[in-house]
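Chain naming follows the written order as A, B, C, D, E and F, and within any one chain the residues start at number 1.
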Amino acid sequence: MGFELLLQNILNPPVLMFLLGLGAVLLRTELEIPQPLPKLFSLYLLIAIGFHGGYELSKSGITFEVAKVLLLAILMAVAVPIYAFFILRLKLDVYNAVAIAATYGSISAVTFITAGSFLNTLGESYGGYMVAAMTLMESPAIIIGLILLTLFAKRGNNSQTDWKEVFREAFLNPSVYVLMGTLIIGFLTGEKGWKAMEPLFGSLFKGMLAFFLLDMGLVAGRRIGEIKKVGIFLVAFGVLLPIFNAIISIAIVKFFGLQKGDAFMFSVLCASASYIAVPAAMRLSVPEANPSLYVTMSLAITFPFNIAVGIPLYYFIVNSLWG
Amino acid sequence: MEAMKKVEIVVDSVFLNRVLEILGRAGVSGYTVIKDALGKGERGIMAGDELTDVFKNSYIFTVCTEETVNKIVQELRPLLKKAGGVCLVSDVLWLTH
Amino acid sequence: MGFELLLQNILNPPVLMFLLGLGAVLLRTELEIPQPLPKLFSLYLLIAIGFHGGYELSKSGITFEVAKVLLLAILMAVAVPIYAFFILRLKLDVYNAVAIAATYGSISAVTFITAGSFLNTLGESYGGYMVAAMTLMESPAIIIGLILLTLFAKRGNNSQTDWKEVFREAFLNPSVYVLMGTLIIGFLTGEKGWKAMEPLFGSLFKGMLAFFLLDMGLVAGRRIGEIKKVGIFLVAFGVLLPIFNAIISIAIVKFFGLQKGDAFMFSVLCASASYIAVPAAMRLSVPEANPSLYVTMSLAITFPFNIAVGIPLYYFIVNSLWG
Amino acid sequence: MEAMKKVEIVVDSVFLNRVLEILGRAGVSGYTVIKDALGKGERGIMAGDELTDVFKNSYIFTVCTEETVNKIVQELRPLLKKAGGVCLVSDVLWLTH
Amino acid sequence: MEAMKKVEIVVDSVFLNRVLEILGRAGVSGYTVIKDALGKGERGIMAGDELTDVFKNSYIFTVCTEETVNKIVQELRPLLKKAGGVCLVSDVLWLTH
Amino acid sequence: MGFELLLQNILNPPVLMFLLGLGAVLLRTELEIPQPLPKLFSLYLLIAIGFHGGYELSKSGITFEVAKVLLLAILMAVAVPIYAFFILRLKLDVYNAVAIAATYGSISAVTFITAGSFLNTLGESYGGYMVAAMTLMESPAIIIGLILLTLFAKRGNNSQTDWKEVFREAFLNPSVYVLMGTLIIGFLTGEKGWKAMEPLFGSLFKGMLAFFLLDMGLVAGRRIGEIKKVGIFLVAFGVLLPIFNAIISIAIVKFFGLQKGDAFMFSVLCASASYIAVPAAMRLSVPEANPSLYVTMSLAITFPFNIAVGIPLYYFIVNSLWG
């Protein structure tokens, strides 16, 4: 893998800001970005990415290519949590296996955004429909997870799964809703809408991402102390499954003939793990699982790995194949 | 001033609504909630400053009669067993107006 | 009324974001924009509108036209709460009639701003002194309300109106203060000041408005459940009084020969109802009135009505008359 | 440790300053305030997350002598009657330092 | 339900960590913290809204046995002497689950 | 001193916004900018100034001139708290003398930023390494203060200074860390990094400064009531020491041949007093000192004085000497 690629990724303000955040925790400074500021940043990023995706989609239109990508997205979002679950069951009880599998079956919007910014600095781009793909990939893992739970767990009577609640958590969690909503708004208002929104949601985007990654670094850093409790199996899982997912997904999209930028972004989606939507759903539906495991793995292992190493690595693979 | 019971509950904030439903069913006349509370207990540290809002508690209290306390306790116990948290009962005088 | 006008208004990012916020509540997603973020947005909008208005005023100067507009503004701000009160007394007790009358006698800055953005997309504009007019229209309704209260309510001795407090609430509430202050600063620093502030308070304005309207949608949505408690009389009042106020005010400003853009903005001010300043004042001075009535009417009925239907309707009327 | 009374008050946050004035006049040695509290009572739900800050409570407590409690109660009662809210009194031991 | 002691502490928030260390050393099974509390006491008004975070309190409570209370009190007293603050002890029933 | 200079300083949006904030408190409006919004603004300003300084430094390189400035910065940061301490001991006990001396030995980033904006409106500039100088000047005063404490205070055994904690507070407090970190990031990512960050951290800078100064005005205003408790000696100290520091530092940098813009910014650093980092450290390490003294002096006396009068005054002196 090209060393310059790794360097080019790391020598980017967003990634360096993430490291700055990590360092702040490791050096025990008292830097913090208290709530609801992180909520402001993440909302901003969701709206910006949704809006921009919708605008791009309004330019390209909804084509056969788009439909293909969306179907592949759903396919992977269903497949990943299933095979992840069976791998995890080698070592874990059903509850924790379900929660972690769901976490890795879903996606991380910030990883996607950072990958987009990386692609951008290389002068390449991806289709606006990838945002729609991302949105579709958030939810299925939650449903799959709870189906696996019903199939494999023997729970007492009073903790039956409340399926209505589960579907609401899956399909109407805030980030799915905002992404989908702003995608539609961006699509409907097209060129004119984007022109009005661009100063806030376009030009400031990279700066806001950098600002937010500082916070992500703080949050990830605070979880790092928990890694030792996670155990070697799960640490390895948190690094290897993303790579595995990326490779599988690259093979599939190569087969189906996606474009290079889309293929890369798709692999990043498959490799990323959720740290907001799924943990929230799992905490409510599978309180037997230990959030210190699934949140720590997603935030303190997989997220930093993807940001620093995964993104250039997946790009390197895609680049070798698409050329 | 009337002699009443004060019930205080600390619970993972994701279960706040469940607790309020239990209070409602038990027939309390009202309650007060402080949404963001941190803490430490059997289930580890709830440091609360996470992006994810996991690891955050809510604090609820209600003033009610002894009879109502019993109803609350009965419904609350299984929830606390599953989800963790604390429930305290003490004596207070309520200023009636 | 031109259907395209309605569509043109709705197919705007800010209005669509408002609907997105409404939908989030109706679909019971857990989307929320917690305090103090709404405070940040509303403060931003107040500063931006004040600053820009002051800058425009520094270009146009303070003319006879300006004085005329300001006087008409005060006139309407005094008249509306009085006739609103007597209409409301048909069905309500004095306390609630006072609180609602004051709410509708005052104005909503966000409605004004959204109307300005609508006017802007039509390629038209309004004078910077309209911001001054808006500022002048916030306060009188509070005073008038409490005068009506003293005249018509028989209260016990220990709840006498504290007039000093009332005047402070009316003329020194945060939004009046910030609007007036930044208007003056914008006026004093003129071209040079605006050039320095423009990147933040100018270019980002529409995006911030859209962001804030998402929040307004959430807030309004949460109140919608209360509408049924409000009763048919007050629901009708919440829609018809704004239309009535708009028509009256358009007639008056036509008589006094205002320009088209100013006339439209003036009608929007008269049609809008306060949901921050006046409710805060009423809660303190008329605790006997039920905030579920006046806040719900202003936020969940009149505000959405104006944003979605009122603005294009008033524009349609103004456009027919001014041509 | 000294035996004292703890007075807890929940009130619509718009009346927080009035309550603090009452405490001051009653001569308390201090008080603690948690500004944002939600709740439900006779006057409906105070969901608190509104743009408008209407529908939000504040929580205040003070530790004082029984005598002071009486003064507080006397002045507070009419305010609570008009504006709603709750006032509770209980026994505590105060660690003197 | 088990009879326990509730220890409540209000302290300048800069000393929150010190207090939690003391609770840890005294062997409490858990605690709950509300980070932002305002107040007034001997050391003046803690109005809390400052940019600087000076003048802000934190509120902590823990439920424990009488024995543990004594340990807490012993270690806490010098800190409160130096840094100000309040410590209260009262009786509660703890819902065991 | 040129009266136009004073006017030119005051008729700037940031300074006027500060006055607006002050006025809001004096007129008892209920305007507030609640936490964590001030944290957002101050973090933004720190990142922006650090990043931009790093970028400038990457253009100019690290020269002999830079090293000279940095050494002079450390020199002044050590000297000021020492002579301030002995002046203060004329009237105060050791604890309060230490805390106030440390406060005035350190610096205020917002004063620096406001001075930079003032310089900018005059069409002049300063070197990016001045940000590094500022960063270096934050910490020493804390250490010096605690050394003075150990030398002169007779404390009981159980309140020995925890030096490890003190060093962490001094060198790893959030603002030092963020400034230093973003300075390095700005330096490493150079032209390309700054281009990506400029829309957020460059163009919006002046607007954000104005927004933040509104908040500073509120905070300072709230402390103004405490000035009478501070006493005439400390009020005089809060105005005269900054002037004295500015004059001393101008003499020194003149001697060492700094450039005009740098000299001015250097004098502002020496004249400014800390109101976040040092008070936080003092509260923890010297709880015997009264924060109502050192916070009030720094926030309600010296900061407003520098913003309104000090900055043009120091510029006037520098301008007379450099011409």
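Miscellaneous remarks
Everything below uses one rule, namely that a contact is a pair of C-beta atoms (placed from the backbone, for glycine too) under 8 Å apart; a residue touches a chain by one contact, two chains touch by 3 or more.
In this text the structure is predicted, and so the values were computed from the model without any measurement.
If you take chain C and chain E together, the chains in touch with both are D, F.
Note on connectivity: the fewest steps through touching chains from chain A to chain E is 2.
Between the interfaces C-F and C-D, more contacting C-beta pairs are found at C-F. Using the average of C-alpha coordinates as each chain's centre, E ends up farthest from chain C.
Using the mean of the Cα atoms as each chain's centre, the chain most removed from chain A is D.
Averaged C-alpha coordinates put the centre of chain A at 35 Å from the centre of chain B. Taking each chain's centre as the mean of its C-alpha atoms, chain B lies 19 Å from chain D. Chain centres here are Cα averages; for chain D and chain F they lie 40 Å apart. Multi-chain contact residues of chain B, defined as those touching 2 or more other chains: 34, 90-91. Among the residues of chain C, those touching two or more other chains are numbered 32, 34-36, 40, 204. Interchain contacts (touch definition given at top) occur between A-B, A-C, A-F, B-D, B-E, C-D, C-F, D-E, E-F.
Residues of chain C touching chain D in their complex: 32, 34-35, 38, 42, 158-159, 215-216, 219, 222, 275-276, 279-280, 283-284, 287-288, 291-292, 295, 299. If you check the complex, the residues on chain A that touch chain F are 11-13, 16-17, 20, 23-24, 27-37, 40, 121, 203-204, 206-208, 210-211, 214. Looking at the complex, you find that chain B touches chain D at residues 1, 4, 6, 20, 29-35, 63, 90-95, 97. Taken in their complex, chain D has these residues touching chain B: 8, 10, 34, 36-42, 48, 57, 59, 73, 76-77, 80-81, 86-91.
Here chain C touches chain F in the complex through residues 35-36, 39-40, 43-44, 47, 51, 168, 172-174, 177-178, 181-182, 185, 188-189, 192-193, 196-197, 199-201, 204, going by the rule given at the top.
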